[in-house]
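This is the structure, below, for whatever I ask next.
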Amino acid sequence: MTIQPLIVKILTMSINIQFFASLREQIGKSQITLPYDAPLDVINVWAQATGDTAMPSNTLCAINMEYVKPNAVVKDGDEIAFFPPVTGG
Amino acid sequence: MTIQPLIVKILTMSINIQFFASLREQIGKSQITLPYDAPLDVINVWAQATGDTAMPSNTLCAINMEYVKPNAVVKDGDEIAFFPPVTGG
Amino acid sequence: MPAILLDRAFNPWDEIQDFQTNTLRPGQFGATASFVGSMRDFNINESVTHMTLEHYPAMTQHFLDTLCERCKQKFTLDECLVVHRFGDIQPGEPIVLTAAWSAHRADAFNACRFLMEELKAHAPFWKKEVTDAGERWVHNDQKPVNS
Amino acid sequence: MPAILLDRAFNPWDEIQDFQTNTLRPGQFGATASFVGSMRDFNINESVTHMTLEHYPAMTQHFLDTLCERCKQKFTLDECLVVHRFGDIQPGEPIVLTAAWSAHRADAFNACRFLMEELKAHAPFWKKEVTDAGERWVHNDQKPVNS
């Protein structure tokens, strides 16, 4: 069996996913590395990372430390974070 | 010559007048004790204490440590203060 | 006594800490807002060397005591504090401190600012700047050392 | 660096004084506004013994650094400071400090409050209360230790 060079390239794309606070406890993971092969938005990332668990409506999303909306598209190497409403200060 | 008891009583009424800051310097006095014999309001007090000098329009007045308007009436023993706009803090 | 008049330089952070330690229990309050006004070393005219702060002692104390009481009635507070200098003040030195302790930040912020705004508008203090050319009374529209 | 994350207890008045001494010249500023949020020892439920503050370290630092920059652009300031705890916090301990130095009091007050309101609304911290019965995440509508 031979592997196509194009497919090898696509399979090397991946993102780093982080969960915090109550979401981290609900998901049961704090960090996942997700390889992917087609354009993904944040809501797709959540679905793939959580096995299609429903995202709580008040979930906040960030890409590379900046808040984004769930329809934001990720790119290779991004860090995607999911967390509940913040309660600092 | 005999002095009427009634007149003796009236002449014992007096107020203590204080000037502060630029008003103190303009008047040339910081404190005056003013005997008086008829009801006085604050504007009369200023006139009697300063020899009918015009009161600067932004002058503030207090009776017994409380701000009052120039038409407030003084009573025996009061402390009347005149001062320019405040600049503390 | 939450309103303190001082004729000497003071460290506002030490005053806050001492007052808090002596008056409040740690854990009693969740929010502390404070303000410090101090003498700048530049002004309309560069030649201001120092400042004299005249006041009407009995009325100042009465005004600030009453202000603290009004503040405690107006806002939900654990405590509030006002410290104000009088006499000679050097550039860089603190002139006034206001502080408020509350369960919630909105009351602490609003009370601290209320104390300062009322004090600036009505407390019987008068600033005189001393310059190389002599002395001059500060007027409100000059916004001299802080505003 | 005006945004500091700490995993240990801190004295906010020492932090303000140290920052001021190291960063600003006395006489440069006329107005200093500060706010301290601390953990109250009573809450909805009396049995809260302590608190754990989780955060998203890289994003927290980035958010607070950017917040300080935004604050300096929005207001006329000499400097501003944010200090925030994470990890285990005991009742009575300070959690957060915001401070702003300006020529004028309105900018100092407004900047200090802007820092706190933005931080409360958006900085990625999460409080978990530890009670006799176990642990529970704090929700915004509980207004737990300060608000």
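Per-chain residue numbering starts at 1, and chain names A, B, C and D are given in the order in which the chains are listed.
By our rule, contacts are C-beta pairs under 8 Å (C-beta built on N, C-alpha and C of every residue); 3 or more make two chains touch, one makes a residue touch a chain.
This structure is a prediction, so every number in the text was calculated from the model and none was measured.
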So which chains are sitting against chain C and chain D at once?
none
Need the CA-centroid distance for the pair chain B / chain D, whole Å please.
52
Rounded to the nearest whole Å, what is the centre-to-centre distance of chain A and chain B, using the mean of the C-alpha atoms as each centre?
78
Gap in Å, rounded to a whole number, between the CA centres of chain D and chain A
29
Residues of chain C that touch at least two other chains are 37, 116, 120, 146
Chain touch graph shape: choose line, ring, star, complete or other and state it.
line
Pairwise chain contacts under the document criterion
A-D, B-C, C-D
Which part of chain C faces chain D closely enough to touch in the complex?
11-14, 16-17, 25-42, 91-93, 103-106, 108-109, 112-113, 116, 120, 143, 145-147
Along chain D, where are the residues that touch chain A in the complex?
37, 53-56, 58-59, 62-63, 84, 95-96, 116, 119-128, 137-140, 144, 146
What part of chain B is in contact with chain C in the complex they form?
18, 20-22, 60, 62, 65, 67, 81, 83-89
